[in-house]
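Written out below as structure tokens is the structure these notes cover.
All chains are identified by letter, namely A, B and C, in their written order; residue positions are counted from 1 within each chain.
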Amino acid sequence: MATQHSRSAARLMMAPAVILLLGWMLVPLMMTLWFSFRKYLPLRGGDQGFVGFDNFVRFITSSAFWPSVQTTLVIVGGVLLITIVLGVLLAILLDQPMWGQGVVRILVIAPFFVMPTVSALVWKNMFMDPVNGLFAHLWKAFGAEPIVWLSDASLFSIILIVSWQWLPFATLILLTAIQSLDSEQLEAAEMDGAPVFSRFVYIVLPHLSRAITIVILIQTIFLLSVFAEIFVTTGGAFGTRTLTYLIYQRVLESQNVGLGSAGGVYAIILANIVAAFLMRIVGKNLDA
Amino acid sequence: MARAVTNRRKSVNTILAWIVGLVIFFPILWTILTSFKTEAQAISSPPVFLFFDWTLENYGVVQERSDYMRFLWNSVIIAGGSTLIGVIIAVPAAWSMAFVPSRRTKDILLWMLSTKMLPAVGVLYPIYLMFIRLGLLDTRTGLVIVVMLINLPIIVWMLYTYFREIPVDILEAARMDGASLKEEILHVLTPMAVPGIASTLLLNFILAWNEAFWTLNLTAAKAAPLTAFIASYSSPEGLFFAKLSAASTMAIAPILILGWFSQKQLVRGLTFGAVK
Amino acid sequence: MGRIVLDKVSKRFGDVEVIPPLDLTIEDGEFAVFVGPSGCGKSTLLRLIAGLEDVSGGNIAIDGSDATMVPPAKRGLAMVFQSYALYPHMSVRKNIAFPLKMAKMDQAEIDRRVANAASVLNLADYIDRRPGQLSGGQRQRVAIGRAIVREPAAFLFDEPLSNLDAALRVGMRLEISELHERLKTTMVYVTHDQVEAMTMADKIVVLRAGNIEQVGSPLELYHTPRNVFVAGFIGSPKMNLIDGAEAAKHDAHIIGVRPEHIDVTPSGGIWSGKVGVAEHLGSDTFFHVHDTGLAETITVRAPGEVSFRHGDAIHLTPRADAIHRFDAQGLRIA
């Protein structure tokens, strides 16, 4: 159905979306790149000229950089581990015949729809508050000293909150993948004498591997830029300053735009590496 | 074929699944319950679960003290406006990609998705600066534009996958039947794509509603939506659990309900069709 | 009314030339069938006539006027798609009325024509149902109904029967032929099934790799195939093609004998072999004969009562006047 007429109509109709996204991508990107080579302190003298790779070197050699990378990796890794392990188990559980499956599904998915600031605040106050939080009550009930979660176990707390938000996503995708598994395959394996555990290892897991890869990639992209959860709970204190948060602080809190922009360039490169893998998978799927 | 399962096994599954489901849902449930307590009961030790004096007082106070309706209205405008404009821009683009594919279609589509991967913090200052220059800081217009742009790739993508399910034959039949391009889109494509367009609207409304980077960083007072409204509760101001809960409940309730309708679209929209 | 003339029409997709320049004339009122193996360009050719694809070169004239650049909506042709392409959100009535509505015809005339089409095609009973509620054969009728209400200059059919089961296919084949008898409108019909081509066509166009191999009436193609390809493609079961020494005896590179032009005897024939599978259809029996020294298998059609069993020796005698001879280029030797 490709005639000259429809092709030119198509180009015309695609133009607005393409131009808008091109502008949205290129203009800020160019500006960030420009700023990253300049000493730019809006509140302390403004733009003070070209400084070469100074900002890049300073950002990477500052005492905050490596800890922030470590924090980022711990949060991303921790959340991925929790959401995928629990997600696989939950997906298998939800795939079993039961009463009220629809309702359970809804219960499990609900956290994904809670806005990040709300879930951070609810966890921070109503669960993790060292005096009135539910966890404090629970600890006291067992005679233990309540934990000051967000300062003593800050990283774990953030991982817990973020995992709670992303578990539904992982579960839902893995469940969708499990449901596409041909049950005859499992029955054939059962006929071949494979016990439950072997069936899981040799049939279910390989079938899920693709979905798991996709969950890892998509979550990584979103988790790298986790912001509201830290903003609301610790404000980056107690070792919860991720790369994203560090850049945010450099740019908006200390108003060192040059330095923050250099960090931004690093973040963009990092995200692009992950995105490249994801795009490859999505691209392959487009051909099918 | 599904196998007959013993009731015993089904019972065990049911109990296990309900326990897990309730544990995961508990923070939300607890928030909703607490919103009906008095502040004293909200922090009572040991905590009360169901047997307290139910009150609606908190909802009144939240509205009175913080003008909840204004934030809600901002959220509706930003989420609704950005989604609607996004769909209007995306429908023609998705039509082109789905029905007049060229060798570059795939590249364009992937490139669009890749813009979604750009870490927001990397371009925070340029956007911030542009907003100041253009007088868009703390305006709903500004946020509608930004949120529309960050969701546009997903909207195009979702519509594209829905449109692709419509057989080209049918559109060609319309062309043979004498329909112009406009009539073809209006009388044939759109009615057939209504479910897909509705799902796209729904999911992207939810994503826009919960967007919490730009809304926090580009608003102050005037245009702040519910995400920012809730964040303002993070500064400690004494005992406020019940009111926090009431505010939270109001912020998430509409979206929880919409979300329940869009479970299936969630997978399609967020995995870019890579999981079916 | 509906004379379609293709003048040096060609089509390229990128660098690939799917249809080299070809000339073809379909006369008004003719039932023309494009037939060929999949990927031979027959559907592309139909879509070029329809205007759903641009030609890369050459001209298409419909009723004497140049239609090359005319959009499909304005060519006055109606098309029946392989998938039927019914509008799923419209009732049968609205589906059939759609082209008339697009032509801004007045409602009374639309109603009259829809009612007429419905009665011709026996659609009246489910006129208010949606396509999703219809069987394959009923959908097919609706698609045809949508085509005939427009009273087009010509009908284009793109493998319309391939989604139907065998019994229904035979029935629809007859209906389409009858429709053609009654309407006397030009029909261009694409199929990969040579039986459909043979039974329906006034004129068959055999295509291979975008080239026209032969144009002619069904019997012309059957009796005087222009080359080996057409010889092997037209006729069922396929013609036996034999090369080597046996062909040389007839001063040819390849000779062809149709299964129905070989007589079988228990002894004394020109060729001999061993019976492989015997397919008994009742009216006829097909023998697949091996070890003849001529080709892997020689297929023979014999009357139903002839009975040889698997492994029996069999003797074959081709009818001398029904041997087709082809040269080294595969072309027929007259």
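What to note about this one:
Methods note: a residue touches a chain if its C-beta (ideal position, glycine included) is under 8 Å from a C-beta of that chain, and two chains touch if they have at least 3 such contacts.
Predicted model, so just to flag it, every value in this text is computed and none were measured.
More contacting C-beta pairs link the chains of A-B than the other of the two pairs A-C and A-B. Nearest to the overall CA centre, using the mean of each chain's CA atoms, is chain B. One inter-chain figure worth recording: chain B and chain C are separated by 53 Å, centre to centre, where each centre is the mean of the chain's CA atoms.
Distance between chain centres (mean CA atoms), chain A to chain C: 57 Å. Note: centroid distance chain A to chain B, computed from Cα atoms, is 16 Å. For chain C, the set of residues touching two or more other chains reads 52, 71. Those residues of chain B in touch with two or more other chains are numbered 172, 175. For chain A, the set of residues touching two or more other chains reads 1-2. Per the touch definition, chain A reaches chain C in the complex via residues 1-5.
Contacts from chain B toward chain A in the complex involve residues 1-3, 5, 9-10, 13-14, 16-18, 20-22, 24-25, 27-28, 30-31, 34, 42-43, 45-47, 89-90, 92-93, 95-97, 99-100, 102, 106, 108-110, 112-115, 117-130, 149, 152-153, 156, 168, 171-172, 175, 181, 206, 209-210, 212-213, 216-217, 226-228, 230-231, 233-234, 239, 241, 244-245, 248, 251-252, 255-256, 258-260, 263, 266-267, 270-276. Only residues 1-2, 6-7, 9-11, 13-14, 16-18, 20-21, 24-25, 27-29, 31-32, 35, 90, 93-94, 96-101, 103-127, 131-132, 134, 137, 140-141, 164, 167-169, 172-173, 176-177, 180, 183, 187, 210-211, 214, 218, 221, 224-225, 227-228, 231-233, 244, 247-248, 251-252, 257, 260-261, 264-265, 267-268, 270-272, 274-275, 278-279, 281-283, 285-287 of chain A touch chain B when the two sit together in their complex. On the side of chain C, the complex with chain A involves touching residues 51-54, 71. Residue ranges on chain C touching chain B, taken from their complex, read 14, 50, 52, 71-74, 77-79, 81-83, 85-89, 98-99, 102-103, 146, 150, 156.
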